[in-house]
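Right, one structure below, let's go through it.
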Amino acid sequence: MTANKLLEVDGLKTEFKRDGGSITAVDGVNFHINKGEVLGLVGESGCGKSVTSLSIMRLLKDTPGKISGGAVRFEGSDLTKLKESDMRRIRGKDMAMIFQEPMTSLNPVLRIGKQLEEPIRLHLGYNRKKAREHAIQTLKLVGIPRAEELVDDYPHQLSGGMRQRVMIAMAMSCHPKLIIADEPTTALDVTIQAQILDLMRRLKEEKDMGMLLITHDLGVVAEMCDRVVVMYAGRVVEEASVKDLFEQPQHPYTKGLIRSVPKLRQNVRRLESISGNVPDLSRMPAGCKFAPRCPFVMEKCLSAEPDLVAVEGRTDRKSRCWLTQIDERGGETVHEYSAD
Amino acid sequence: MGRYALQRLIGIVPLLFIVSVLVFMFIHLIPGDPARLIAGKEATLEEINQTRVLLGLDQPLWKQYLSYMKDMFQGDLGNSIRSGLPVTEMMKSRFLPTLWLTLLSMAWAVVIGVVIGIVSAVKRNKWPDYAGMLIAISGISIPGFWLGLVLIQIFSVQLGWFPTGGIDSWKSYVLPSLTLGAGIMSMIARFSRSSMLETMREDYIRTARAKGLMEFVVVGRHALRNSLIQVVTIAGLQFGFLLGGSVMVETVFSIPGLGRMLVDSISFRDYTVIQAELLLFAAEFILINLVVDLLYGVLNPKIRYADN
Amino acid sequence: MNDHSTVMGSGAPGGREQAVVPDKPKNPFGQFLRKFSKQKLSLIAGIFIVMLFLVAIFAPFLTPYNPDTPNYDKMMAGPSADHWAGTDEYGRDILSRLIVGARLSLAVSLSSVFIAAVIGTILGLLSGFYGKWLDRLIMRGSDVLFSFPDILLAIGIVAILGPGLLNVVIAVAVFGIPSFARMIRSVTLSVKETLFVEAARSIGAKDSRIIWRHIFPETVPSVIVNLTMKIGTAILAASSLSFLGMGAKPTEPDWGAMLSMGRDYLSIAPHVVYFPGVAIFLTVLAFNLLGDGLRDALDPKMKN
Amino acid sequence: MNTPLIEVKGLHKSFVVKKGFLGESKYVRAVDGISFAIRKGETFSLVGESGCGKSTTGRLVTRLLKPNEGEVWFNGQNISAYNDNQMRPVRKEMQMVFQDPYASLNPRMKVKDIVSEPLLIHTKMSSRERDKFATELLEVVGLSSYHAERHAHEFSGGQRQRIGIARALSVRPSLIVADEPVSALDVSIQSQVLNLLQDLQEEYGLTYLFISHDLSVVEHISDRIGVMYLGALVETAGKDALYDRPLHPYTQALLSSVPVADPSQKKERIILKGDIPSPVNPPSGCRFHTRCPSCMDICKQIQPVFQEVEPDHRVACHLYDETIMGKDGVHIN
Amino acid sequence: SSNNNNAAGSENGSSPSSSASAPSESGAAPSKNGNNPVIAVNANFITLDPHNTSDTLSITGARTMYEGLMGFDDNMQVVPVLAESYEISEDGLVYTFKLKQNIKFHDGTDFNSEAVKVNIERILDEKNNLRFRKSFAKVSKIETPDAATVVFTLSEPYNAFLNKLAMGLMISPAALTEFGTDISKHPSGTGPFKFKEWVEGDRLVVEKNPDYWQQGLPKVDSVTFKPVPENGSRIAMLKTGEADFIYPMPTEQVAEVEGDGNIVVDKIDSTIVRYITLNTMKKPYDDLKVRQAINYAIDKDAYLKVVKSGLGAKLDSTMSSKTQFYSQQPAYDYDVEKAKQLLSEAGYPDGFDAEIWGENDSESVKGMQFIKQQLELVGIKLEVKSMEGATLSDQINTPATPADAKIQMWFVSWSPSSNDADGATRGLFSSTMFPPAGSNTAYYKNDNVDKWIEDANKATDPETAKTIFADIQKQIWADAPWAFLGVDQVISGKRNNIEGVTVLPDGSINILKAEVK
């Protein structure tokens, strides 16, 4: 299995300086992505999804954030230890990123073509003409009609869906091994979202890339992902294959989440809901971070935080909850999952 | 773009008209009797009155205004009350020095200001930032005439590098434009720093970094141009300040420019000159802002291509 | 143990939420102070300004000499133990005059900027809120004002109104108005589009209420920041007026007047201009630094 | 069926957009001929993609905007030509809840002042009474009285939305226009607010105009639904009719585009081609023809009529136009 | 902060007119400007039409290129220039001039009696509204019996006529016909320098007239005048050698540059008098005792020291010692006690509140502050109002009658343009000259003085005129309608290699004998 691992995030910890103190936005996150696999990363707003992805790409410059622990192994080498110049060589080449906001993620004063050519010339060493051809090719690949003309347009002349396709083309242009897509469709309309998701699925299959798909939309997860990691308050609370996750969610948060989403033609009178709010990172409860909102909270939950452990002895199924650990193992010490 | 510029140009006319009325009222509100000032201190009452009639100042104000406007539409700005010289001619010779002075001041102020702004923003909260901002704030904290006199003491009298004034060669412009540009340099430095900081927080900067671009490419190609768009606007507004500042700098450095002429003509209530000059200032200011708007469009494709 | 597992906030719809809002209310002013106090330079500048105000207020008790008493035997004496900042062209103690001058310079600049701020803010609010012809009128008016070199405007105003403190204040105020008006207008334009203004409209609030209760408070930070910055400019403008012979009262120890009257002695008795120059420089600097700090502390976008 | 509380007839609204450089003005036809009615106690929802004119419709209904054409009847009064002063008493009857709970509350006001501001405007209550009332309202929406002294920025999104709802309730309106009240909220919070809205409707007999782009949310909360596309209604129907038998190809595509949070359910997807056209130059004929999978020649030229094809089920599509398609018509389901 | 590298220090020059440190001639640094000296002045040239000037600087400019029948020597005494000789009839009505021969205008045409006639007629023509018309208003007839003779006939005796003639410079009639009102831009006279260029506001350049009638003059190739309004800049130019001569030399810096071996400072007493007018028709100044008290209360020595940096003289009459028919008066010596006593006698033992007006230039502001300090000591609390010149003039001249006048004290200076006693008296003390007609802002009215002024003008005999003016001065001095302050010095600075440039007591600059060593 290890040989198959494209990216391995191991105990990643990222802190932000804020008002004198610091908050830990990402706290010991573990997960891995295999080659050709789509890993979904879900969780509510502010739980640390974006920070995780930015930490992997080491794009925290100009923010008060800093990786303060853990390792990010990409094809075996630890990115957190690389020199900035070496990291630059990986960014955009082996590992590319698609951002949430197609409206603001493109530079408004540079032509589309120019922005696309940049990584191509940098990483593939093409001359201007060849880079341009390559850019047009890639644009066609992502289903943009009239690509030859479009390269001379400015971002504002494009619709949101088109821009997101340009972002995808940009990410694809140097044939990366891994694409990190941070909420690539959140800003788009449903019909356009359907187009983009369809496109991404196709491209992934054609190019056999690994993908980290960040979203808070369980629907998108269900349709796109092979495996899922659920985050809550900077931690991974559950990891499962997509099928398991929806059929047998383990963590109470995941359960609540799945149940509070209204589903088409479901016809319930009342929705389930998780009471309370996402905790503020600067004043986190001791013990399990979900405890204050958890319907099954126990005394232990308030004092000690459970580890992320394998469920039912399966290595691909993990949860961070005393309940599963106690229920399944009758209160015995549980086998701790370790990344290695 | 051409049509837009034309439209804007036409739009200037009513504005200038308002300005002309305001200017006219304004200068006639200022107490003082040009006839008396011109006739000299030993003049008799009769002489003064004759002068007044000759200058048409005995007419009711609205008549004076109408005849002034009539002449102006025929391209005649009249003669200086004081010297009798044609105003157009006087302005012509005074225009270039002031133009050079303001342009040079603006040029160095923008270049240095932007450089300081960028360095400060990139090195935020490190010593270059503090140094840059100290320079910048000093620029607006020193009274212009004082800076000018000190520069003369140092660079003309002590070191002999530059002349104390005049308009004899490019060297003559060095100290005056340093003096005049200091304030604007500061404004621009501060402004470009904050707009640069703002730009550096934009999503597309992160995108640029995610492509693996070198930091100087990120700053130079992606951030700079976006923040310049805002700097241009500020710089345009500063021209008004320059025109005002030129009064002082031209006095200190004996530059025969419009500013000094204006002060002179105000002290002699040389109505025709004041009027013509204030109109010119207003037109200049409006034009510059038009240029700024056009430039804004050139720099900002969103506006340039708004017609789709 | 399982028996004890209580269900907190059982998910009852509309159920009360606890422990989310911090117990101590976050005082916005306290937050501002905390942010501001981290701007060390601005903090120093703020302290300097407070001290300056104290000096101005208690000036009569602080002056080592009577600032108006001449001593023709001791004219333009350099700094010494008796006269820390030397004496001026009438043999008056410069330090004493600086101390008393702080009063005048601060009074002139503060009041003129304050007037400009009040008028400019009102114009900006109206212009931005009502738009249309009112906006055009006000903005074209401020264009015209802007296009007049400010100093000339001031000269004209002082010439019309005659010299004197109040008129200098008015003159300096007038050319401060457009910048406030423009700035407040642009803030108003953006606040006007915010949802909470629309919300106020939707509950039937009158224009006056919307402007005063909802839009105006949003402009306050910008006003304050601009105010502090403009005070520096106003001190300089007043001194430029003095340079052109249109300053406050020539007999009063206004810093600008000291500077401009003293400039003839620049090469023979530099201290005569040096000290007022430094006083102006430091004060303007301090106000600008304070303004910078306030901007950062008041601007919600500047988080860190 | 009682009389409608609100009835909208042929509303049009366009905005001038100065397209900067050339100084030409163009028009966005944000709302282009919309008619619907909402009965007392009912929840009517508008769905559609971004920019299709949902919010504009909401603002026309509440008369925050004046329509260019068309009428708004509220409680039997034609309020479309009312001025601000005439509107003020009407506003007491219709309140709004906004999309963004962060931006719709004045960050500088105390919660109790926000909640009681409508009372200040519409009633003669003393400030003591208002405060008391405000605390009661806070309890109603599930907040505590001790929150009253706080500022809005100290609350989380869901709590803020509750404050916004309390404000809307304060003057006991009959109609609440809720413009995307939950789309800014996290999923786990969203359901809290939806439940609250439903509870309040039951308790106070409120009528809702509910605006959303989320088809699942709309289905959950509505009685009747209108689907908008580029400024016009393309289909209105009762909830079940719409979700079970969507008639308009756009509605069908929309429904099929919603990702389903169930990996076992792989459904057929209608993926539309192309992007949403700009409302500045909407396509001729049927607005949807540029993306329509069953576009016919006529669609490019003639705008279909919005007509009732089944009881309480209206649609604007040539496919259901008997004069064109013949008596039987063609139904693609 | 000065470059005192020259070891030759200087004691204050014992010569009354020059304080040159007199370094060895060979030690002089060569002029930066070669044989084309640059003169920095403090104002702009307004016009070069010699008949229409009212400011001293424009007169200076005109005199480099133009000459009159008469002229002033360095002491402002009237001497013949283009006139060879002249005769005045017994009744003082007919002036006959013999003209110098073989003098040509710059444009090559001849100077002759016809030219004189053309010029005087131009001045007299009302249509031209030239400023000099008033000076020649008494000319009733002008005849040219031959090319070398001009005869003026006056309507009444006018003993300042020669002074006025010294102001009336001669323009080439050919140029006048050619350029008309544009003559200002194409000057053509008989003077030592020819017009080269005038860039309004920047410089006036005149070049050597090779055909000048005085042998061996001028000695420089050209002279450039540059307006440099700021004192500090002007003196900086002198220090750097950009300017070879500056006028005025800021009094504040005299002491400093006197130590500079490259710079020579010239000072002479001027015709400019400084004083404060006291409104004799307004309380409390209508009381002679109050006016005298004010005169006693001001320490004139301190005035010179504080305001004039020690440069100048006390004013001991109504006019400067350099002015025609000056007669010295006994001083009002500084005496605070006496002043207080006089005030008590007048009924103001505790003084009173007063207001002084003046212009806003630094000299006036400084002076007024000084006066304030002085009067404070006798209990007069003075409010200083400095106004911009034109505004002030408006304030003074708006009231139509003495009763309306608001003016109390006015800090001001005066110099008669043609240095005649009439010019230094009539406009200031004649009761026909209350504002707005004239500058009698003291609203001084003394019937004897009024009569004497008329008599003096008509006196054909200079000696008679002189006695009458002595009486006038005595009477006015005793009436004290002014607080008499001082007489300015005209102070100029030059590089030590420049010779022959002199400033006349009225502040005009004479460059005829300019020479670069």
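Should a chain be cited, it is by its letter among A, B, C, D and E, assigned in written order, with residues numbered from 1 in that chain.
The working rule: a contact is a pair of C-beta atoms (placed from the backbone, for glycine too) under 8 Å apart; a residue touches a chain by one contact, two chains touch by 3 or more.
Quick caveat, the model's predicted, so the values are computed rather than measured.
Note on connectivity: the fewest steps through touching chains from subunit D to subunit E is 2. Taking C-E and C-D together, the pair of chains sharing more C-beta contacts is C-D.
Averaged C-alpha coordinates put the centre of subunit B at 52 Å from the centre of subunit D. A separation of 90 Å divides the Cα centre of subunit A from that of subunit E.
Taking the mean of the C-alpha atoms as each chain's centre, subunit B and subunit E sit 38 Å apart. Centre-to-centre, using mean CA coordinates, subunit A is 48 Å away from subunit C. The multi-chain contact residues of subunit C, meaning those touching 2 or more other chains, are 13, 15, 17, 20, 22, 155, 159, 260, 263, 266-267. In subunit B, the residues that touch at least two other chains are 30-32, 149, 153, 308.
In subunit D, 156, 158-159, 192, 195 are the positions where the chain touches two or more neighbouring chains simultaneously. The residues of subunit D lying in touch with subunit A in their complex are 49-50, 156, 158-159, 186-192, 194-195, 198, 213, 215-217, 219-220, 243-244, 253-264, 269, 271-272, 275-276, 291. Against subunit B, in their complex, subunit C makes its touches with residues 41, 140, 143-144, 146-152, 155-156, 159-160, 232-233, 236, 239-240, 243-244, 256, 259-260, 263, 266-267, 273, 277, 280-282, 284-285, 288-289, 292, 301. Those residues of subunit B lying in contact with subunit C across their complex are 15, 18-19, 22, 26-27, 29-32, 130, 133, 137-138, 140-146, 149-150, 153, 190, 198, 237, 240-241, 243-248, 259, 262-263, 266, 278, 281-282, 284-286.
Of all residues in subunit A, only 44-45, 159, 161-162, 189-195, 197-198, 216-223, 242-243, 246-247, 256-258, 260-265, 268, 270-275, 277-278 touch subunit D in the complex they form.
Residue ranges on subunit B touching subunit E, taken from their complex, read 30-34, 36-45, 47-48, 50-51, 54, 82-85, 90, 93-94, 97, 149, 152-153, 156-158, 160, 163-167, 251-254, 256-257, 260-261, 264, 267-269.
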